[in-house]
Amino acid sequence: MKEYILLIDTSDAKGLVYNVSKVLFANNLNIEQNSEYVEPDSKKFFMRTIISGEIHKDLLLKELREILPKESQITLHERLKKDIVILATKESHVLGDLLIRYIDGELNANIKAVIGNHEYLRDLVEKFNIPFYCISAEDMERETHEELVIKQIKEFNPDLIVLAKYMRILTPGFVKHFPKKVLNIHHSFLPAFIGANPYKQAHHRGVKIIGATAHYVTDDLDEGPIIFQDIVRVDHNYTWQDMRRAGRNVEKVVLSNALELLLEEKVFVHGNKTVIL
Amino acid sequence: MKEYILLIDTSDAKGLVYNVSKVLFANNLNIEQNSEYVEPDSKKFFMRTIISGEIHKDLLLKELREILPKESQITLHERLKKDIVILATKESHVLGDLLIRYIDGELNANIKAVIGNHEYLRDLVEKFNIPFYCISAEDMERETHEELVIKQIKEFNPDLIVLAKYMRILTPGFVKHFPKKVLNIHHSFLPAFIGANPYKQAHHRGVKIIGATAHYVTDDLDEGPIIFQDIVRVDHNYTWQDMRRAGRNVEKVVLSNALELLLEEKVFVHGNKTVIL
Amino acid sequence: MKEYILLIDTSDAKGLVYNVSKVLFANNLNIEQNSEYVEPDSKKFFMRTIISGEIHKDLLLKELREILPKESQITLHERLKKDIVILATKESHVLGDLLIRYIDGELNANIKAVIGNHEYLRDLVEKFNIPFYCISAEDMERETHEELVIKQIKEFNPDLIVLAKYMRILTPGFVKHFPKKVLNIHHSFLPAFIGANPYKQAHHRGVKIIGATAHYVTDDLDEGPIIFQDIVRVDHNYTWQDMRRAGRNVEKVVLSNALELLLEEKVFVHGNKTVIL
Amino acid sequence: MKEYILLIDTSDAKGLVYNVSKVLFANNLNIEQNSEYVEPDSKKFFMRTIISGEIHKDLLLKELREILPKESQITLHERLKKDIVILATKESHVLGDLLIRYIDGELNANIKAVIGNHEYLRDLVEKFNIPFYCISAEDMERETHEELVIKQIKEFNPDLIVLAKYMRILTPGFVKHFPKKVLNIHHSFLPAFIGANPYKQAHHRGVKIIGATAHYVTDDLDEGPIIFQDIVRVDHNYTWQDMRRAGRNVEKVVLSNALELLLEEKVFVHGNKTVIL
């Protein structure tokens, strides 16, 4: 039997769960999984439900809209493998990890294409019979280059865009084309280091922990809603290059955890935060 | 407004969420938090709901029983601080941590009493103005001693009994008096070591990780449903005493995390496992 | 047989280990533990050696000075329990943890006194038969108050001063009296939050990890050399108060780990970093 | 200037460090890194030193043997990339991770060949231009098959053999050919589960943590000296297949950490334990 993912993002009101479950029950649908969360300050209500059965999508959505507050965001998809496009630059640690998971059957997604702004990663990607597009930014204005990238991405109409160490700053224009669809990974530290070569700074500061943060991309590149974070311990024996290597290892683990959450549609955005159900 | 915790443990059936939320809605109650889980193999359904409003407890329970499968376990309590009794022997690391949390206002429970089978911990406990009962097991049969302990515990009618390094083996008879009410903490390792002085064994084996496991006590002392686990890294520099010290640190953290889950009534037992909502 | 801790902090030079071990050998001393580290960029040499045997301290120091570069910092102590003084304000989670370790015999130090700037913690401290001094800062200039605190500390001539959530900013003058002797604990986050109520900020930002950093106090309160760091996971269910509670738990673990390193004299300061041998 | 790794494994004696450093000094060699450890129970002495300069290997070894106890194990190599051979069966998560690190320049080793007992992994391996040898065990006695594998490995004379989920039990005869040269990775749990499908057992037991252990292979396949361990948290939402996926992720991280330690020759074997310097 087919399974569907129903996501509701709305204002809390008395009887929401009752009303939604009533509609599902009346449509003869099974609830396979269900989680709700009410954010206590804003009284926002989030609900993720896996349902199974025969659905008439338009009809069901109509009935749900009738019993939910007007401004509700409701999405309803069949629970299928999602299509993703990966953007990368030169480093292969995150991309390579995704490719191995992909051929291993552990990545619950179709990698439609990898787009790079250099040729470096073509060889690796093509080994796995995945199309690689190099869109060089050389001698080009940022906006012009980005337009080309956006156009290439749109050909694949992906559910998600994964920045696997894509080292170009994206403009707000880019994000507007793919709202809540772009996942990024970046290093992070206690305390934070801003500017060139954060690993050198972290080394100079003598940190004992190095982290990575996976987040949605919003207009502010490294400041979007955080999806997953993890850390690894380092000590005084680590050169800054060792720290960077340790950082890369945690980056690939963090990105892959975050991507799994997105592929299962478990992540809601609430302000600049995420709610993970 | 008063808050209540409603717990339902039953077999899955179509419309369960609908029916429960219908009853709550009809009774003019707010759902503050709600989590459900259906265990896919056994099709068991677990639901934890925080509701607020004016309730007529008996009436509400009656209505819920009418719409739920016959064998359902339903509990409904006001959300209040729980009463606990602590059992301990000689070591103070877990007990002391609970006492500091208690006076700090971070333990969401009333410690009604501490019962020891030695006098060692009386001083510490009485510093905090908590009654301490020493029930020595000397020159006594296991069952006779246990009867005395059971009797003492029952005087306080606690919601939970916390074994904070209580070094006596409990009989099945004990557990029968307090089903799903006894929390224990014990060390654990990769791989596991059985028998006397597991830290010496772990040291001899050269483990790189030491853990602790908090679990419900069932008839089989260290084998009840696991509630929380954590680990700490060790290396070849650790003597077995160092390992024991590291183990104690993780024991107190693990016990306190598990206890917090129990005090919030987030833990369901399913076979020999826990479901934490 | 008595044990001694020898610490050498100098510039690297050919034959350093050879020359030091030659002196120790000639003095008929056993090396029980030995670690060295050469920082590759600065070519600084750090050595920590536990020696046993009969030593003539002045003579041995003299011989070591002869074979080591002029600017070398050499310290040589008998390996004994250290004396500490604790400063605290209102919160008891870190202080309480130290007190429980202390009576448990797990803290390898003598707590000579606790100094508070409020009366809040007197009860707790005196339960453990440790002198508590309240030095209120009310109606007093910062420097005047600090002078009183310094005077009180000096009466105990401690090896280490532990700031167990002491919520007063220390002046450079304070640190000058106790160089490399003051240990502090503070919360830390990915990313960092500066200003009032960092937990509210962290909550608003939706972090998934909360950390704590133990460091030496230098002129810049929260920026001294880092000794130990750790983290704990949080999620969207955490209110900012829950995050603060989680933060407190990790603070006490981190401080106690850092203190253990200091009590064993394993921590060298190198610029604004630590080398831990 | 060339660098060398000197490893000494012997019984502790007065003046060992002095004597070794004297020889190195007399030979005009620089000590770049140096760590020693004396195991307190057995009084075994372990030393790992990185030296730089012009060495006459045979002469230096002769001089070291003269000043060290007779039964000392001394090894002295130039610090070079090591050659490794990988054995695998069907799963690609560990192997794939090694291959990506390899082409990424993050694996400090030459992968000379991959040997499988099935054809499954040929495609993946050959994508990376690494020779793949399938030695099927079908219709063959264990010893006969193993002889063929040993013969194939020996053609490459590797420094290390990495079992990257090689699902054949090795005989003591195999290990005798490659003492202290075989690295294995296996899942591990709190508590331990023995027998078929440990993930099903762990799921049934309701564990909250899943681990992996990297160890030297000795006669007893999963019981050799432990090199590295790590864990990952799981909860009741995990099916046993989810647990297996989580386990695989931690396996690849653990194996790669252990391999890095071996490639840097940081691991000494002491009884059934490791000392990591």
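Worth a mention:
Here the chain labels run A, B, C and D in written order, and each chain numbers its own residues starting at 1.
Everything that follows uses one rule, which is that a residue touches a chain if its C-beta (ideal position, glycine included) is under 8 Å from a C-beta of that chain, and two chains touch if they have at least 3 such contacts.
No experiment lies behind these values; they were computed from the predicted model shown.
Simply put, of A-B and B-D, more C-beta pairs touch at B-D. Comparing the CA-atom centres of all chains against that of subunit B, the greatest distance is found for D. Subunit B has its Cα centroid 37 Å from the Cα centroid of subunit A.
Per-chain CA centroids place subunit B at a distance of 41 Å from subunit D. Counting partners per residue, subunit B has 37 as the residues that reach two or more other chains. On the side of subunit A, the complex with subunit C involves touching residues 37, 39-40, 188-192, 204-209, 211, 213, 225-231, 235-237, 239, 270-276. Subunit B contributes residues 91-93, 96-97, 99-101, 103-104, 106, 124, 127-128, 245, 248-249, 253, 256 to its touches with subunit C in the complex. Subunit D meets subunit C in the complex at residues 14-18, 21-22, 24-25, 30-38.
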